[in-house]
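Have a look at these structures, which come just after this line.
Across the two complexes that follow, chain A remains constant while its partner is chain B and subsequently chain C.
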Partner chain A sequence: MDTLNNFINGTIALFGDPLGILIFLGGVIGGMLFGAIPGVSMLTLAAILLPFTAHLSPEHGIMLFSVIYCTGVYGGAITAILFNIPGAPENAPTAFDGYPMTQKGQAGKAVGAAVTCSAIGGTVSAVIMMIATAPIAGWAISAFGPPEIFALVFFGLAVASSVGAKTFWKGWLSILLGLLIAVVGLDPVGGIERWDFGMPYLLAGIHFIPTILGFFAVSEVLVQVEKKARGSYSAPKVGVDFPSLAELFAQKVAVLRSIVIGFFCGILPGIGATLAAFMGYNEAVRWSRDSKEFGTGKMEGVVSSETANNAATGAAMIPLLALGLPGGALTAMMVAVFQMHDMEPGPLVFLNSADLVWVVFAAMFFANLSILLIGFLETKTIINLLRIPFQFLAPVILLLATVGAYAVRGLPIDIVVMFIAGIVGFFLRRSGYSVAGIVLGLILGKIGEQTFAQAMQMLHFEWSGYFSRPIAITLIIAGVLTLLNSIYSCFFKKST
Partner chain B sequence: MKNLRVAHIVEAAAWLSLALLLFVNSFDFNQEIEIYRYGASAWPRALLLLIVVAAIGQLLGQWLRGDSQGSEMLGKASDDGAERVAELSDHNNPKWLAWTFLIMTIPFFYMNVPGIVGDWLSLDKAGLNQAKLLTAAVLLGIFLLAIRGNHIGGMLTLPLLFGAFLQDFGFYFTAPFFILGTMYLMGERRWKNMVMIGALVMGIMLALFVSLLYVGLPTGVISPFYEFGTGIVNLLQ
Partner chain C sequence: MKLTKYIASGLLACSMTLVSNASFAACATDALPASLAGPDGFPERALTMIVPYGPAGGSGQVAQAMAQAVTELTDVNINRDHKPGGSGTVGMTAYMALPSDGYSVLEHIDDASSAHALDSSKPNPASDLIPLVISQITFSQIFIRTNEDRYTDWNSFVEWVKAQDGKATIANVSKEGSMERVTMKAISDATGISIQQISFDKGAPRYGALAGGQVDALFEQPGDVRKFLDAGTFKPILTILPEAPSAFPDVPALSDAGLDFDPLYRFRGFYVHKDAPADRVAWLKWAFQKAYCQQSYQDYNESKYMHLIDSYRDTEGARELIAATIDQYREVYKEMGLDVK
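Presenting the complex of A and B:
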């Protein structure tokens, strides 16, 4: 009952505030459009908006990002189905069967299935999130001290490195680069200057906002320059043909399986919606009696991928809000929003800012539901938006990023830092590294070092002290096993 | 050695060099902290050690397994297309990389050379501003010549050049050129469209950030760019 009451209160707070409604709608539409337009992604939008959330209340800032997350994950399905161009990596498996359905003249049905199943996957995930997060946070308050938080960060980074990049080693190098960037500036224990190279600017550390803007917004534009994306597509005439209840019921097993897969992918750090979509699709192929029909325009392929990626969104909020651990790039940016408001995500948020949590939960629930309505409108408008050539979109993105980087502290050098990060991101991405891994390392680096130092002081510098803390040692062993398994896979396991 | 290419060795060497450089520099802050036995350098040095291990692991993995390390599905899921595009493009050869990195040093020349010359010749503020104007003009000319036939290199350098010029010449003067330059380097050649869209983008940006949100963008410090920037701000606010 408490959950229901809190949800109702969150809904009233969300829709009782005109600015809240405006931000909610902006997030829903913005996430969907940036998810849909090839060459930009919901991460580009989030990076651009990040500096400006300093002017919003924490509720509105976090709510905006959570809504962008829900609708951005869905947004690229339309272009994946209609043009075989996934708007975002999360929708890549949707194209495997969605586009063949379009070629068979079933585009409306494919879009309808994507819209419906995205809404179902996301909404169910949001409901589980609402039920599960508070009890986990309540348990974490008493069970988590610095050794546990450090162990959690270690485990999170171990999992993220194993799945984030082309190879395990590149995943680790990406995260280590992020951790190294976080070292620059004053050390968290003694305040000693590190790697400032005599530059006063570096004394305060490299600010995460220009870095995030560079790695996501600028590097994305630079990659697109190389792709020479022109955005000129021949637009088929299409509407939304929602699947009938009987057709939907026939997909019940695929939907349920993808919800479970998506949810677990979302809850584990580093995996997120993209891998959820691929795993959802792969499992659908594996369990199907007509597995050979996949790839030729089978609705189950669209259903599995779109349900799984949206089911990951609610789940990803659980470790963020209950434990303070971001699992991916967008949730890492949400940590940045918390930090800009002098707040730390984690179990104490439930005690200190319960209103914020429930506004965010309500917003995510309604954002997923709104996919049903907005998805229909989007299908009509996106075809026109795709006609905007990328050479006209690129300067807008770069200028918005410039203003965003400058607005944080009013330092022109932040703009240069952002562009350097963008160029570094460009070269790393074309070599198979993960910019999401770098940002995760950057955000978790300070927390990791600080909690490690606190933990060692607490344990009187006895490493064996970890063995007396079951949660910490379990997480460390799990992290080490993940790393060992990845190393084994790199050298000995047959590629699958 | 069939899986290993020069690029892989260069990549590993780059990581190892970075680790070595930062390790040597870590002696600058290798200080004890009374309440913390490991001191300020233990954490960064542990990260550097892991970088060395990962760089060697990446090289060994590439040598023994080539591109088939780990799961194909993970590879697909983490693929954003950037690597494939780079492979298909002709922008992966050492000559292109060397030329592009050379072009990318131009903005850093602007950020450092006028200051050094100013100190050397003991220039006053007006003299320093003149030195900056002259340096900017020369470097802009070199940039335009250097990017002929290398638009990707140009596109990588243009934002840095924009960032470098911003403080002295202001956002309001440099942004329109940046917009036009970006469009041109991305292949647009219809000047009428470029000017119209550039004006539209600039108009929306100014209306949103200067008139509505009162974001104080750099106005520049060198005359007459400073007067131009402040004039626009006064007009819009």
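Presenting the complex of A and C:
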């Protein structure tokens, strides 16, 4: 009852103040817009707004960032679905099936599914956040140290080995290429310089955003250019049909599964929505009877990815608010907003600033609901961008991707990396390799290498130490069994 | 030869300066003029500040606080351009490639000095750049969980760690040659303990590792974990300063713990290219040094415990600090067997 009363009070405080309503709406629209435009992510918007939050009340400042977080994670799905350009890394798996749906004339259904499931995932996550922030935060950091996170990454890679590839082996080769790219730069523990070829800029490593833009956007433009040149190009049909209730209801298991996965990934400091989206998608593939249809335009792929990444948003607020531990870049900026107002997120926030916390909780709840409304309107309007002829659209896509690649760190090398990835991706896709696998290997490789090294230090370089950590060893065994099953299928079932 | 002897030999003068200025009746740059016209209208446009780290960490925050203070003082805007990666190498390289016209400045930390100490081909912040101001100098502490019952203070911690036979763990940023690793080596040599250092390059997972019981202790600067101190989640058990500062009177300092070495410090400052026009450099020095005493910046520093020791160095003071730091790291690295170039 206290929770409900607090929520009502938070809602009244949020909507009883005209300035609060204005900031809320600005955050909702701004997050969606910046999330949807490749290159200018919700982080860009947050960085621009950060100094101005000093002039807002703490409630308004934190609320604005939390709303941007919710809607920004969703916003990137639109371009992923329509143009194969994920607005952010957490939307990359959405493109795996979202873009093929667009090519099949089902853009409306794909966007509609993304809208609905983002709203559901985010709203459920926000409700759990309101009910059980403190105990969940305490459990997460106690139960999940580097060994467990490494085991989770290993399990994720094992599950994802066949995503988007024609064969099991090509899938693994794709992932291994991603893992190889991930080791460029300083090693994350000892600071040893690797694979930099004497170029200082490579010490920062290969960032996954230019890589994603190259593998997805640039390679897609090249594919379409080739089709155009061969005379086999056909413009995507513009379908604005929203998915029916029956179609959405049929996704209930995928939604529930992705909520659990997304929430779970979101509460782990430093992991967040990107791993959530990949894990959500991978598990959908693993549990599906029609796993071969993933990557060809299956709605369940969009649903699983978008539910999981939005479910991670509320969860990511839990370690931030309860423990003062930001899970990602945007939540780290929220720490700065707190500090601008002489506050620190953490246990004392609930004691000293309970009103603020409940305004934020209410704002996140309603921001997720607003995705449904605004997203529905978007479905009927933004899809018409597909009517733009390819010869006009392609340069715009390349321009946006270039800006996006450069904007990440302001390094020209990221533009070079993007175009190399685009050309490599173009040829790899023709050969049945998985660009999704490369991206997954790159993203998880960075997390996995760091946590593996930390885990080995913690376990005093004894492998047997994993057996003393039940969650870690369970995940590793599950990953090994998944791998063995894939190999068995490859050799004896002749189905991969 | 013990590492502690090398550390004790070089930074003593530096640390003596640090602790002797522990109280401030007036701000360090109050004597500077309240306003100063730039040469030929300089700057005619916004300055660019290269920050070699992300916006949310300690460097990102001090860059924002200083940029705000300079803007308050001069009405000149400063655009912060974050170029993280390579432990500051990427930002430094990007900055050195910019025109040396005085319109771009660099924020950097003591890592630039230790990097030059290890590899002299990397820029020396004292000679390849002109330090405008060092605005944060801070010390480190060892922290444990407040509800920890296996040990409750420094002495019991040392005893407990010895009993673990090398199995005890401490979270820090233990990259090769880092201030954290060098200091932990000195502590280990001085106490005879063997403790496994677990390297976390980001703050949140590092603090979460201690809060969640994944590690036994944490090496950190107090300002970075102030929220955990205020919340009563963490408590310091050793202050790595010769004497205890006023905010931590009951926490043993090095002298109380019988540790005979002088500490290494974390410092953050602002620089301009050495070839920038002298008159513009003079204006930048005034702006950044004067901004140090802006109320907003002083409030920020205090919130990060940066007021406990003298956090201010002007250009010459910064050069002395950097030179002493480089010399000291070089000796330490040789003692550690690292390949000093």
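Things worth noting here:
Here is the rule we go by: the second predicted complex is superposed on the first by the 267 of 496 C-alpha atoms of A that agree within 3 Å, B and C clash if a C-alpha of one lies under 4 Å from a C-alpha of the other, contacts with A are read in each partner's own complex, and residues count from 1 in each chain.
The rule we apply is simple: a contact is a pair of C-beta atoms (placed from the backbone, for glycine too) under 8 Å apart; a residue touches a chain by one contact, two chains touch by 3 or more.
As the structure is a prediction and not an experimental result, all values here were calculated from the model.
Contact with chain C, but none with chain B, is seen for A:Ile141 once the two complexes are overlaid on the shared chain. Touched residues of chain A, counted separately for chain B and chain C, are more numerous for B. Judged by the touch definition given at the top, the superposed model places A:Phe392 against chain B, while chain C stays out of reach.
Once chain A of one complex is fitted onto chain A of the other, the partner contacts of A:Glu59 are absent, as it touches neither chain B nor chain C. When the shared chain is aligned, chain B and chain C each come close enough to touch A:Gln457.
By the document's definition of touching, of the two partners only chain C reaches A:Met333; chain B does not. Once the two complexes are overlaid on the shared chain, A:Phe426 sits against chain B while remaining clear of chain C.
When the two structures are aligned on the shared chain, A:Leu180 is found in touch with chain B, with no touch to chain C. By the document's definition of touching, of the two partners only chain C reaches A:Leu323; chain B does not.
Contacts of A:Ile192 after superposition on the shared chain: both chain B and chain C are touched. Once both structures are placed on chain A, chain A residues 189-190, 192, 410, 453, 457 are touched by chain B and, in the other complex, by chain C. For chain C in complex with chain A, the touching residues are 54-57, 60-61, 64, 68, 81-87, 89-90, 92-94, 166-167, 169, 174-178, 196-202, 204-205, 207-209, 211-215, 226-228, 230-231, 233, 303.
Note for the complex: chain A touches chain B at residues 52, 55, 89, 92, 163-173, 176-177, 179-180, 183, 187, 189-190, 192-195, 197, 218, 222-223, 225-228, 230, 274-275, 277-279, 282, 389-392, 394-396, 398-400, 402-403, 406-407, 410, 412, 415-416, 418-420, 422-423, 426, 429-432, 434, 449, 452-453, 456-457, 461, 486-487, 489-491, 493, 495-496.
Contacts from chain A toward chain C in the complex involve residues 47, 50-51, 138, 140-146, 185-186, 188-192, 200-201, 203-205, 269-270, 319, 323-327, 329, 332-333, 335-336, 339, 342, 344-348, 409-411, 450, 453-454, 457-458, 460. Against chain A, in their complex, chain B makes its touches with residues 11, 15, 22, 25-26, 29, 31, 33-41, 43-44, 47-48, 50-51, 54-55, 57-58, 60-61, 64-65, 67-83, 85-86, 89, 91, 104, 107, 111, 151-152, 155-156, 159-160, 162-164, 166-167, 171, 175, 178-179, 182-183, 185-188, 197-198, 201, 205, 209, 213, 215-218.
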